[in-house]
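Both of the next two complexes hold subunit A, though its partner changes from subunit B to subunit C.
On to the complex of A and B.
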């Protein structure tokens, strides 16, 4: 028996995009598709398909194993907890309109880790089996509790590989905070919506607060080497900032990576930004224009490489299976295994979005707490569904090998996870982005090829990224 | 060039393995031979199997070497040189392929030295990576694997790299090769083209390509570690991009693909003009092949490519692959800033070509 595990998708620049179960692909002509569907392949077709791993005789042990190996490269199987998102406090000194976690007021009581919670977190750190750790401090505003940050970092000395990311609004940077930032294993992640006017609109509101943030951002950028600081914009799709102005505000600060995120349909955003439930045509247009503009700018000024972070993640998932460990796009997407979120009260959530859903009172998706563990039936239930592998729509989709599954997102938007995939925002968003990525993969424009090569971290620019078969 | 074989005299009756020691240490073992006398060009040693004297190299340079003392022909062979990362043991000179560019043309006879080699491996320096080569080592697969397993079991710090044409693995080997200790073995296996007839022609054996892929099935099922090797030739140069696509589709389980420039010795010496592809004058097929590998996320490296002959974007793929004992540089290389990273040339590379090919960086 011979199998040809190809999925087909009509595509604007690839022709008929043919992708096999392992993600290997080519663009095909209509005449080839006719021969394929009529079971009328030529000798050349068969040779081509065989060499590319698209046609497998099940009697050919090597071909079968090689196919299974490539399939397994697409399957994430994390086993070890080595990434913790910690929320030492829910209190915050800002009140952004789209705050995703419904923050607590600066002086409110009962929104910080207790001593017992801290002790339980430290105990969990001691129990981790690996020698690698990544910790992200979220909030609220975590820098309101430098003592807790220090206690956690201090407990991690035994790990050979350590990375601490402090997600901060950089509104107040004291000497005490700077001393923590000064550690080479500490990284800073902040929010930057664009220029001062855009940033003030949903975040800092008044001029002194806005100026304070920009002064602090500038200060830490000057103080530390490139790569220490990253920033994320949150974009209101109903009034997005001018693309060049947004890129300029990042470029001027020496920040090369821009993660174009529309407002997340979570937290306060559910009330104040109702339009964020679905991302429409307008957002997708804006997104494409922004990526194309970044490509142009990279081509014009070769001294630096700007990139849109999520585009690069999708692009790398196409070509480098297993290399990307982005927890928002992977398959299966196991919950509470390799990373967890520990909230201000010690509750453990599978993802930050799950925490937000609970905070907004939509649904409690907690899987346990840091003192007693999270290895229970709640996690088991989530994990049974957290894959696109057996979904009837995904199994026919050309992009399944590259795509992921996010059941928390489905619950947030629709309150259920059993909608036909194609009717979900997650699916529409990723069909769009992968269509767009493949449009650029099959582009002949040298400027496009130049940026794609850099985003894939290639030493040179290949002549072509996608092959064709007539 | 570092000599691997030296004149020696011994009163022993049989060959034996010894580890040369210039001074008595606390952990002296039964196979350690202690230096008892020396001059500028040699030394005399006392070993359990007898006395012997080595001529030609001062004793200080031999300290720690594991040698095979051969009283008959009056020589010692430096099997494992102390401090070298390039120790390779030749287990046989027989081979069942006849590659057009073979650097070590096979012989018909086999001298079984496995017992000596096994003893030598057990005496290797801590954390050694020991190369095994031939001829074709798997012609004696059973003895080879028993040696490897014995050494890996007794010495958990040791790793092997074994060159093989992979014409002899079959399903019965899977239960052996999947043992955890084989995580410390990597197999260097040649593949010269994605086209079966071209590969078969280069290795001089009809059906070799098909048999090779049977073995790949066995190795894949065993989770074996494989380094794939391709020697660059005039005949396969233009096929490299197709080969790279083939590898990136079907041989994704390999650890790395090594694309190797030709060595001017053995059969290649007499056929140099026909076989040698000068990548310096036309790098494109190599570049395209590397592009395909990088794009598809399968590791690749260039062996025996002097760094200055490789365009800048690809230079970091050119690794210092030529073993220390047979490496040389051109006179012009003296001023080069990348010499430490560079593979240089084989000792037997034509000097006029080496001189013409370098442009110090």
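On to the complex of A and C.
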């Protein structure tokens, strides 16, 4: 018999949380932990561990392969490029105070793809081996160049499964842009910081611009089915909006997903919002209160389900291994393999944050360019550190199977990647959020279980999400 | 840590647990930022500015158990990963 390796964390709701490398978990009593470490397990302990997939007979090949398969879902490396972030222009018609890419002015020259760059992008699309593609158009404001968006989309007709996300500030929506939006495979992602006053504070500044945005947002929401449009706020943790007002702003527009995102320490924000380098207790408290408020509202009004997007991502990382492809929280997190960013000048970056760092003048983490390729030593160097599996802190952490590795975030905040994990904002943030997720997993409150079930897309609400063993 | 302490306790360390206890004491404040630990001769002194004595003791026992489990766990982990790669 072997007992699959367990990592432990003392937890306010779960007791001693025991997690194996596949992410299977249970809450245990201190007496069980003592029996486990003293090699003094009872018959009931052994039976429990076997039933839950933590104890495997050496000659039970089925159980062993099942464990290995579950393990593979946690550690498998993506191999096929099928997700591109394209920046056809860095120009923008707004100047947000926390712009992460230090956008170029509306009339500046030299910040759009050239014809050669477009040709190289289209050539790369032709070379992709798979039958599915996801393309996110970022900026600047990509709708300033609808011709480039159309050219890219037109080149992707051969992909059986395709999705295009246009990240737009919706300041200007012409008939030409609407014609692109009308495609069923095109989705709209925009920014909505809250009500008009909050949105104007760091983004639109004046009333006509703010009104123009809200009019366009309402227009596209009325025009398209639910799910076509998503929005996310950028929140200044030093003056966050009232939680109910923020939720109301989203709910009133029929937007059910809210991605509570503090200012990213990139671009203009590095100078204008210096406090965004670290998120302290105040932000974490705000975040928890917001999620709890969403849970309350879901329970009070079951006609619609609101969710905080990042919480749901973390929850699904626990229960649905392999299903969640959020590139900011995954392990391993290889660079330039399954997704890339092509900037306005054709430079290829491993992530959008890497592009932002270069734009901020902090460090050039480009890995190549779209014409000549990106399979070189720069990518190889980054990929030497793309897993959390061998880090001394992560090796001790019960949340390792659910968590990720983001060396670009470390470089952005600290200029290095060798800080002890637990001293990084990435680690502190995720220790907190996974503690919070498990607090809710082990909650007896039916309102909590109701929301968790919906966020996991379950057809019904289970009696419990987390098991215990005494 | 600074500030007001809500609990200070002392726990004995078993004869075979000294190495694990040194590691646990080193890592405990990394994972539980309110807790500090100092290992002495067959004992560890623990302090927290947030938790009570009983909870502080549970945190220590969990950290110590985590270190003890790592000793055999790492080898098994490597073996399983090697089997997966094959």
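FYI, the second predicted complex is superposed on the first by the 456 of 470 C-alpha atoms of A that agree within 3 Å, B and C clash if a C-alpha of one lies under 4 Å from a C-alpha of the other, contacts with A are read in each partner's own complex, and residues count from 1 in each chain.
Everything that follows uses one rule, which is that contacts are C-beta pairs under 8 Å (C-beta built on N, C-alpha and C of every residue); 3 or more make two chains touch, one makes a residue touch a chain.
This structure is a prediction, so every number in the text was calculated from the model and none was measured.
When both complexes are overlaid on chain A, the residue A:6 reaches subunit C alone and has no touch with subunit B. Residue contacts after overlaying the shared chain place A:33 against subunit C, while subunit B stays out of touching range. In the superposition on chain A, A:196 makes contact with neither subunit B nor subunit C. Residue contacts after overlaying the shared chain place A:419 against neither subunit B nor subunit C. Shared-chain residue A:51: touches subunit B; no touch with subunit C. Once the two complexes are overlaid on the shared chain, A:128 sits clear of subunit B and of subunit C alike. Residue contacts after overlaying the shared chain place A:319 against subunit B, while subunit C stays out of touching range. Shared contact residues of subunit A, touching subunit B in one structure and subunit C in the other, are absent.
Across the interface of their complex, subunit B is touched by residues 24, 51-53, 61-63, 65-66, 69-70, 73, 319-321, 323, 456, 458-460, 462-463, 465, 467 of subunit A.
Note for the complex: subunit A touches subunit C at residues 2, 4-10, 16, 21, 30, 33-34, 36-37, 67-68, 71-72, 75, 393, 395-397, 420, 422-423, 431.
By the touch rule above, subunit B contacts subunit A in their complex via residues 194, 213-214, 216-217, 220-221, 242, 245-246, 249-253, 287-288, 290-292, 294-297, 313-314, 316-317.
Residue ranges of subunit C in contact with subunit A, taken from their complex: 27, 30-32, 55, 58-59, 61-70, 72-74, 76-77, 80-81, 83-84.
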